[in-house]
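One chain, chain A, appears in both complexes that follow, with chain B as partner in the first and chain C in the second.
The block that comes next holds the complex of A and B.
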């Protein structure tokens, strides 16, 4: 019997969090000013999912990891330059928008189609990973819809830990309200795990891994089919940066005693 | 004509959380403003659901629908999705509102897919323009606000907390219509909830104050040394006397993975910001945080904001906080603790 997990990680690019973003009205609805020029990173929670996937695959013989990404082809190529050396994966890509203003359901449909097209993916061994929400749309609904389209109804959201038990069952810890965890045990794959931070730091760059990944990345980018995400039926009335800059009182010369008194009064008030 | 369904799970004991009651009042208002019918859908153990329905009997709902049973009482995607789907279908709802709890947030996307509907989450406001409902939500992690509408139905709304005032009204005897929902295949067993011990529980969503600690607490200080244990004591004492909730910058919680000495009661769960949480509290006090943009988005829903930092150029000085005290947080917070203890 074949063993190991077939881990599919859904994740794409988002603007580098340190960039200043300005919304503009584009031909197809809202967009970001200079969107194609803004330095991008792999969506942070999806990146955690990728590191967790690679870590699990490395410990479970026969496993494979695919990264499924929808984004403008040229930008995906740039993104790959920054993540290819992190962990081993095979890229599956489609050429389409990575904007926060696309509709989650259309994105989910396109992702599910891409996953279904993966050659060699054994769906009975599949762990469908992604981030708990993106740093662009920040909806937290895409993975649930991807799972549903693939017929996977064991789903977990905001996962920090996945442990393989001795009998092959999977224990999952999801973040819930009030700083607590919900602990569940699933019989095994297939399941959907939308990750929070997980437990692993960002791996250092490894040039060998990069070289190995590049063998699948370049053909995958060349093959990337265009996908149309029209946000049909969705209309934006306004998109704006909230004004409301605060008039900060800066106290440079106040003694610690006075500051402490003021803070205590404010806390109690 | 729209048909509104309000959906929520019921807490053990038959209570509806204040968050659930907030969204109920939002659903009621929407139905009134649109001049259409409201139905309430509840999921939980049988006795709990009846008690919950009775407690909101006066909310103006035309129907109270329920999915009950022990397996539906627990938080699990397969059962929650089956229950919510049945309720939405039965109510023939065109708009479904649910509080964006961890449970609804996990189940509702799949339900939207099953109903061939659309879903919006993290809704922070609603409006009606020319008879057309609109929702407000943030994009790019609290960095820009959008208002949008959709033509497709059903349209599922996961609403954030703090958007509406909690519903208050007459309790009574609600007539519950229980739906018969076959159990889906149960491949997942819920083990339970793991909470930190009460004294280590530093995340307190209902607290008046959010205290955010930054990496400065573990950095070398003026004397050339770090004082992590002292920082830990100061923060711990402050949380204990004020009941504040503890937040952290990313840098501070990341130090655990980097093998540095860390504040023991802090984890990634405390992190606020772009890749952390965006809690709601009336007040927030930031200490030793530089206040860069990915950090600042975590403060979006904090009303009054103050900060203590040695560096006047700290990000908070640029119009994000109400007051920035340029001072040593060790010295200030030590004294704050003393004053608080004096009563």
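The block that comes next holds the complex of A and C.
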């Protein structure tokens, strides 16, 4: 495609997975203890989407990449100090909550509004990327609803690979049940891709890329408008971290195959 | 503390999370510098990624520069660490002075491995002579070659090394004794002379791969005057032998060897250029002038590497302490033994608090020095121009000429220390506009802070790393100790040695700390600490002010005093006097910087939404740490000052002082005449005229009242410091730490 893609990646911050997360009851409902104080990272599935987007844009002349994020503005700024160094993109930000207790419907609506506000976005060339799920908002439905609101009905979930064919059609590989893939071909944009892990490693940080990005990121952060995600009508009966259980057994003379067989049996119950 | 002193539990003390980037950005003054914030993230990703994996895989077990180690160079290039040092026109990405930037990058790398930090910084060290004193042509040529290739460029990056140290007995501690020689090989009329360089290096970092070297050499030819630094390239005709790897026990992720050079190079490789006078090549800069300019900056970076190690030890030690008994027989979730483990023990907590406080103080001191050099650099790089403007001659005559400006510099500092409304605004503005004065006041401080950072951070830091290792029990001396603490402990010893060992730093401090300009600033700091003490009781500022006052009195006393034999005390060769005073000063400087960072956090933190939420508890905790450290610094300074003030006086003996002593029965008579008079008698003998057991002839303190008053006040100023330690210890039991370290074991 000579004119390139307009790739919009939806993604925001989540607490660093190494941190201890403890749900607490805040003034506006459930929240994470110390949420503003603990380090954050870009939501891992969204991060894969961003790296895939940048990779695709780099190979397709005329392409542009936007990262659309909703999160506390100050936290987003901290996040950008790392993410902005990974790949070139333009930021579109809104100042709002990024906890795990927002409603996916409201989040999708806010994201769609932000995407519609992007100056220069050609919807006919748009690839709407995001994570298949979120490390903190694990409903797994947000990207689908974003697509519906934007009128983009070619939607692919749990994508691991997107290939541009010679004739410009897009071949997409989605994860399905049983460790298998569903391979689809569509004519081209617009479409929605909710990414799994993709196939690309995390790019190294490069401050020179970051300095380039920051020329647009800092103004975007300053312009970030507040967005209300009140989860109206939504109530949480109980909130808790999934319990992990460690059951250690030391086996000194067990082969790898036997270990694998036992794990499979355990998984099957 | 929780277990040992229930009363203290009533004092509110909490710390919900370890201080994150946003807190550090405010404390270390780069909250408004996103270029530096990105550099931190970038260096961190290399440190906690490829560097940590190499350490975990055992790459430190070899002296050789392996392929795996060599791969780190590309990681540094990709992450922008290689180009930090460069100006934007040569491929860099940071505008202006870069001392703080380099300090932050080294800090992040050393958080995981000091050798990696050294290796990454050694390239900058090799380029520094060219950066500081090189000709414009030299800068353009070598900066460009050092820069990673840009888009569309088809070339390999070139790497540099710095060759000063030579095999014993030549240049090492004494940088003036050079064995390396440069002579004229060929000098045709109208052409660039060709020089021959003979240089053997020892302990030279980056030599396994350096493409060019900045080497220090002395003249071996009457047609060359003095010493210089000269650029050697691997393609020059002759011998460019990288040498055998040094069998060092530490810093194995940096490439160190003992190279041999026997090369012919054109004279325009002399760094900074040269002139020809009466048929003699006169380098524009001696090697001493260049290394002074280089080391005064790079030594700060080394000091920060040791600071990073201490702060990096906090999280692994907490995790080890809390998990010490988990999984054992009878262990039950929810019990203090399960939740706190070794943190039930006051000693374990107090020692960790001391490590943390030292780490904070050393980081504060180091970053303060790095910022100072950023402030000084624009003036320093124009020094020759400024000196010319104020008719300061070159060479030794400059010392006398500059002395004439000393009073004005002191006046400026005294005006600066006064509240704005109380000083002569016109005079202050006049002095503030004088570039020479501004240069002198910054330079005098830099001349103290640089050796102080290098000396205290690495020397005392190494001692405290041993303490951290000891807190990990047997784990602490194993390769798989979380956080690589034993490796960091050993590495710290090298950091205390290279780029000028401790004796060099003490020697420099013993001269620079008596500079009247610095002492005027120091006096201002004492008043400043007193003011802070009034505003922030419990921060240790009062303790510190008393300790600083005691140190200053002692210095002035020692400058005039003589020992029992009548020899002056404060003399260059009398290192038993000058060196401990230098040590004491370092403690005080570090403590002051820590308090200033605490104030910065408190005052500016509220402007940062991510900091504001936990600000009060961070301020409370850092206040306690500052108090703990101020008390430690005061104790150290007081011990040193007392021993120096009294230690060189001859101790009285019974024989010589018998005429001043009383017999016991004489005292009884005196007491009957004037009750209480006996208490004035210092020495007494029994009825047989024998000296009482366990009681020597007592020392008199006549004339030392100013000292004893200060010492007494200082002791009283330690009030509350142990309670601060208890509170900090309690906070350490409550702070949330991540589930696991963010780099491999």
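Just so it is clear, the second predicted complex is superposed on the first by the 238 of 269 C-alpha atoms of A that agree within 3 Å, B and C clash if a C-alpha of one lies under 4 Å from a C-alpha of the other, contacts with A are read in each partner's own complex, and residues count from 1 in each chain.
In the analysis below, a contact is a pair of C-beta atoms (placed from the backbone, for glycine too) under 8 Å apart; a residue touches a chain by one contact, two chains touch by 3 or more.
Computed from a predicted model, the values in this text were never measured in an experiment.
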Quick one: is A:168 in contact with chain B, with chain C, with both, or with neither? Answer first, second, both or neither. neither
Chain C versus chain B, contacts on chain A by residue: B
Once the structures are superposed on A, label A:39 by its partner contacts, choosing first (chain B), second (chain C), both or neither. second
Report for A:259: first if it touches chain B alone, second if chain C alone, otherwise both or neither. first
So, A:18: does it touch chain B (first), chain C (second), both, or neither? both
Is A:197 in contact with chain B, with chain C, with both, or with neither (first, second, both, neither)? first
Could you say whether A:187 touches chain B, chain C, both of them, or neither, answering first, second, both or neither? first
Regarding the shared-chain residue A:211, is it in contact with chain B (first), chain C (second), both, or neither? second
On the A-aligned overlay, A:85 touches which partner chain: chain B = first, chain C = second, or both, or neither? second
Just checking: does A:62 make contact with chain B only, chain C only, both, or neither of them? Give me first, second, both or neither. neither
Could you give the residue numbers on chain A that contact chain B in one complex and chain C in the other? 18, 20
Touching residues of chain C toward chain A in the complex: what are they? 16-17, 20-22, 34-35, 37-42, 45-46, 75, 78-80, 83, 93, 608-610, 613-614, 736-740, 742
With touch defined as at the start, can you tell me which chain B residues reach chain A in the complex? 75-78, 81, 101-103, 105-110, 112-114, 118-122, 129, 134, 138-152, 158, 184-185, 187-196, 201-205, 209, 242, 244, 254, 257-258, 268-271, 274-275, 283, 285, 292-294, 304-306, 308, 312, 316-328, 331-333, 335-336, 338-340
Given the complex, residues on chain A that touch chain B span 14-15, 17-18, 20-21, 23, 30, 32, 44-45, 100-101, 103-105, 108, 135-145, 147-149, 153-158, 160, 171, 173-188, 196-197, 199-201, 232-242, 245-252, 254, 256-257, 259-261, 263-264, 266-267
So in the complex, the part of chain A that touches chain C is made up of which residues? 16, 18-20, 33-34, 36-39, 72-75, 78, 80-82, 84-85, 204-208, 210-211, 214, 218
